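One structure, as structure tokens, below. Some questions next.
We just call them A, B, C, D, E and F in the order they show up, numbering each chain from 1.
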Amino acid sequence: MKLLVINPNISQDVTDLIEAEASRSIRPTTELSMATAPFGVAYIETRAESLIGGYATLQVAAQHYRQYDAIVVAAFGDPGLNALREIMPIPVVGMTEAALMSACQQGGRFSIIAISQRIQAWYRECVAAYGLGGRLASIRALDEPLQHIGQVQENQGERLIELGRRAVEEDGADVLILAGAPLAGLARSVADQMPVPALDGVTCAVIQAQAMADIGATMPSAGSFAAPPCKPCQGLPEALTKLVGRQ
Amino acid sequence: MKLLVINPNISQDVTDLIEAEASRSIRPTTELSMATAPFGVAYIETRAESLIGGYATLQVAAQHYRQYDAIVVAAFGDPGLNALREIMPIPVVGMTEAALMSACQQGGRFSIIAISQRIQAWYRECVAAYGLGGRLASIRALDEPLQHIGQVQENQGERLIELGRRAVEEDGADVLILAGAPLAGLARSVADQMPVPALDGVTCAVIQAQAMADIGATMPSAGSFAAPPCKPCQGLPEALTKLVGRQ
Amino acid sequence: MKLLVINPNISQDVTDLIEAEASRSIRPTTELSMATAPFGVAYIETRAESLIGGYATLQVAAQHYRQYDAIVVAAFGDPGLNALREIMPIPVVGMTEAALMSACQQGGRFSIIAISQRIQAWYRECVAAYGLGGRLASIRALDEPLQHIGQVQENQGERLIELGRRAVEEDGADVLILAGAPLAGLARSVADQMPVPALDGVTCAVIQAQAMADIGATMPSAGSFAAPPCKPCQGLPEALTKLVGRQ
Amino acid sequence: MKLLVINPNISQDVTDLIEAEASRSIRPTTELSMATAPFGVAYIETRAESLIGGYATLQVAAQHYRQYDAIVVAAFGDPGLNALREIMPIPVVGMTEAALMSACQQGGRFSIIAISQRIQAWYRECVAAYGLGGRLASIRALDEPLQHIGQVQENQGERLIELGRRAVEEDGADVLILAGAPLAGLARSVADQMPVPALDGVTCAVIQAQAMADIGATMPSAGSFAAPPCKPCQGLPEALTKLVGRQ
Amino acid sequence: MKLLVINPNISQDVTDLIEAEASRSIRPTTELSMATAPFGVAYIETRAESLIGGYATLQVAAQHYRQYDAIVVAAFGDPGLNALREIMPIPVVGMTEAALMSACQQGGRFSIIAISQRIQAWYRECVAAYGLGGRLASIRALDEPLQHIGQVQENQGERLIELGRRAVEEDGADVLILAGAPLAGLARSVADQMPVPALDGVTCAVIQAQAMADIGATMPSAGSFAAPPCKPCQGLPEALTKLVGRQ
Amino acid sequence: MKLLVINPNISQDVTDLIEAEASRSIRPTTELSMATAPFGVAYIETRAESLIGGYATLQVAAQHYRQYDAIVVAAFGDPGLNALREIMPIPVVGMTEAALMSACQQGGRFSIIAISQRIQAWYRECVAAYGLGGRLASIRALDEPLQHIGQVQENQGERLIELGRRAVEEDGADVLILAGAPLAGLARSVADQMPVPALDGVTCAVIQAQAMADIGATMPSAGSFAAPPCKPCQGLPEALTKLVGRQ
């Protein structure tokens, strides 16, 4: 299968991290392509930045989806995921959603380990929107300003492991989710230092994207995820105009 | 006070409807300005269209907010509301949220009367995101394709009233919300045919915007609605770049 | 508009505090009248005291409502609010409900800062009854016995500010509500020492009462907030007998 | 044990129905005393009437509790229950709460069969306040105005049985609760016509009151059901003054 | 009435503790019989052990129920309770459920004091399955490995009391539940050292079993707790075969 | 990978249906083995039967797990799933859980199409236990007694398709789950007659089992899904004794 992984923010070094981990996780028969948001911010921590990143992701998806079998939205918090799922005629998978659904199959409650204090509210709302707030044991986050978003693993690795351990011991987590594309690949290297399964959002997303393709479910012609009714539009990029106006 | 009302979709006739109702609802001392999304779709029914409309609204707000005391996002479903509230240094009010908060002060459970079947899932998720799913008695919607979005009141007025009556009798609604900017002004004309209060989203939004300004709450310097941390960005319109990059 | 603000407890000095803050918050065209419960307790901390205060408020309202456009129940916890809303033919607004609805329009989660430990359970149940338990970040309260209920602001001001700061930093509050009529006016004076908006229940209540009057919603003739069916009664004060028995 | 059953409304014929059923349900060693609210309404359907009934019940309890081991509040909807439980030094049991707790031990979800349409909203809020909204299959109610509250069983018996059957077949109820003191004794006579257990609120209340006495739990000196802190009061009946002011 | 109390684990010394407390709690007219699981584990802390204990309890119940009026499942967590309630033609009561239902009638929120850290997740899921997660203030547990399950009261008594006090002071518990059959009888001896009612699961279970028998509800012929449809089976013990196959 | 699929009921013809669909769904490199419960009932509709089936599944798993990389519990309702997940040192996946997690990645709300009326309560409780009750649009079920459990697809195919269509149109389902092992393979053949994706529990389970193995998460050494503490046991089958007693 051909898989398009879209990084909703503009950081090429984060795209590289995602690509490295995705390459390690896919099956040999899966062809991986990467795309980076052409506009937006360096990394996404807030609802405002998620709106920008979501719209950028929608544009990238509209341009390229025809060559692919599935799309992964590769920022934790899943910017634009539901919008893409509605309008794309192929499966769309999000890092957060895929990690949550995988975590739920490995334990009762999960904790999210995040890269900044500010990011927590957005993550919590995201988990709640999926209806899984009752299974969220906690969100724990680094509390220092990030210097280099592409190097957070090296700089903060020990601290992230410590946060994970406390989530298990103090918050009752059965599974940990190392959240945020800048942490892509970390779970793989710290697994043996964690007392419970530690999931990588990128890993979960590409594996669930493959799973969704395997399930082979048809696209809906009814319900709230059928393609939106065709309607007049203006001022949109050409590829998006074609999708919205079905031209 | 100076109030900017932004229509997140591209329909000028809907903007006119909103303006007419907003003008009837504001205090004499409130100065009203209207803006229409420069790009997007004719009307918003889906998560995908809401993402487009939200981003357009964010752009309009970034360009113009400096001259205003408060902003109203004038599409039911509140596209981009939380993003704007985070990033704008003035109060931002949404049609749905304002209507729900007003409805809660007039009864126990409310029903939403909507203009299309498809729109219901998005509205339901919106109410749930505000934490008020438990007070939603029902959403009832017209079930015919809309011909002219600016004329839905004339064409479907009787049917909308009937939906409202059934929401009260069969679903236990204490308050009705006539949802969607295309219905702006309808509540005013059908109030006496409804057995319970019928709220207009535009009316509620401008009145709550005035109330938020009256309360005079300061802008947060902490918490998840403080302005997002300044960070590198690229490819954004100039006004938005200034907000995101604090330049 | 003519606004009747009822203090459900017997403390005249608390009524004076409420009146002072209400006077600062209303529009010039709003005429303010105050009433104090003729029987009951010095301040309300428990479910039992709320029942007494609610019944006293109902009696006061029944006696005087004919001269007013709206009523405010001015004790946090809203004693008797739903009862009054059912039976009064004019809008009735509560301090807690108005503060919660205003807080929800300014952030994601709110914390309540309260004047006694004991009062917390009643407040939490009140928030839950409005369906907003999911948005309550925390309730934090003074933990010393109150000496003079009318002087709690002077005696405990610094401590209240400190509780607010901790609610933001440790509990994730986006908005603070300074709860309890004895704190009326405090938010105005400490706003600049708080990292997030700090709301005053009295301020919110009179502003929302004005908003409800502005919305101009009709009184329900159906649903669970229509006037209760007329029925036999005995032993009630004359004004209440007239309301219940419709005489 | 000595049990005081208080009817929160003024209808002596309803008190008689309650007494008859309570007498059939208690153990031989339980001494039963009845009291009827000295003021209030003929029967309670609304939040306003519940406030009146709750205050009347509090007064009756304050006057008489010293001679009893436990108190039953004998109106469905439990007017004043939590207030009495806080302030009385003996166990207090409510018809609704006792019926719900008994129903939960006999099945997964329960339905309430009620005597009027209007009463449903208040009942639903009551169930939700106990945290059991998730186990409420439905509330079904008679839809004709009640002529004689004391004769609703004879006049509407067949209709009540039919409502119960539909709750089981259409709503998924595992247990039925025949709600409202005017139905006291009905469950006993229709049990064999119901496909699932049909519970009588009066029966459940007196049996749970005996159970609470058997458990012999001590009264709390801490927590939110400890006796309210002693505080100044005025204008209250003598017995209530003694309780509130601990004189 | 004749009451069968089944210990779902294999520890005879725990059965003896249960019997001693049950004997102190029942009415003189209740005849008590004890049974111990013929297979399984020494004490139940996990979902896996609960499945084993539940199946053992089902077998014991199938063998002996004909001589009894009601059954008590006497392990906290209620292994197999719903299964037994479905298939037994007599009332079946569980320690956890009975304690929760009793606690709800004595306060707003309750805490559970447990004998091991590991046991907490299972208890929390059990409370949630009864729909009462919203009333659970906390679970607090001993944190040392248990040496002798039958002697945990003597060895850990002081520590258990301390956990209870902290649940009241720090977690807001109005009622405490001393959980786990190995604590049977403890509540009785520590009641005067606890600031709120402390409930014993065994006490509550036998008293609620008597109450369910007193209520005299009929067995359901419809709904999800009617006896399961008769169907082919194989390999089951004789008594269970008779129940499942109705032979 | 080597995958063990356990049918928790005794029907060999259902095992054959499961095997046929599993064989169609697995990757070429996955080796499939089937096992049928050695004792229990013909098909599982109730909590009692689920307890029996869960214990049988635990026994089968204990005997055979050493030769496998993952286990699938192949009855809708997931008998014993959490118990197996705790005690097995390899991933364990359930039909219901896997279908729900897959459905959540394809739409907002899902409906379950079931083979008998009676089965609905158990399914609803199962969905709720996973914390996903809020995303369940409805359960719709055949309402005739099942003659031959292995032939329900042929006999009732049209009726099942009709139930699915109504779930989409009337209940708002975005995804359908054809529930119950006796329907294994049906989704594949009716996909083109359904307006939304129709998921097969067996398909989802084997694909998610492969995904869990791909994710490669380690087994927990802490948290509530670590292997239960070793403890004394008696009377268990040899393989289970080894697991429980770690011998």
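The rule we apply is simple: a contact is a pair of C-beta atoms (placed from the backbone, for glycine too) under 8 Å apart; a residue touches a chain by one contact, two chains touch by 3 or more.
For clarity, every value in this text was computed on a predicted model and none was experimentally measured.
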For chain A and chain D, chains touching each: B, C, E, F
Fitting chain B to chain F on CA atoms, where both chains share a sequence, rotation angle to nearest 5 degrees: 120
Proportion of interface numbers common to chain A and chain F (over half same, under half different): same
Euclidean distance of C-alpha centroids - chain C vs chain D, Å: 29
Distance from the mean Cα position of chain E to that of chain C, given in whole angstrom: 43
Length of the line joining the C-alpha centres of chain B and chain E, rounded to whole Å: 52
Touching two or more other chains - residues of chain D: 82, 108, 120-121, 125, 128, 134, 172, 174, 223-224
Chain contact topology (line, ring, star, complete or other): other
Touching chain combinations (by label order): A-B, A-C, A-E, A-F, B-C, B-D, B-F, C-D, C-E, D-E, D-F, E-F
Chain F-touching residues of chain E, taken from the complex the two chains share: 10, 38-43, 45-52, 54-55, 58, 80, 82-84, 86-87, 118, 120-122, 125, 128-129, 145, 223-224, 228-229, 231-236, 240, 244
Chain B-facing residues of chain C, complex: 25, 27, 82, 85, 91, 93, 97-98, 101-102, 104-108, 130-132, 134-135, 168-169, 172-175, 191-192, 194-199, 203-204, 207-208, 210-212, 214-215, 217-226
In the complex, chain E residues that touch chain A: 120-121, 125, 128, 133
Interfacial residue positions of chain E with respect to chain C in the complex: 108-109, 134, 172, 174
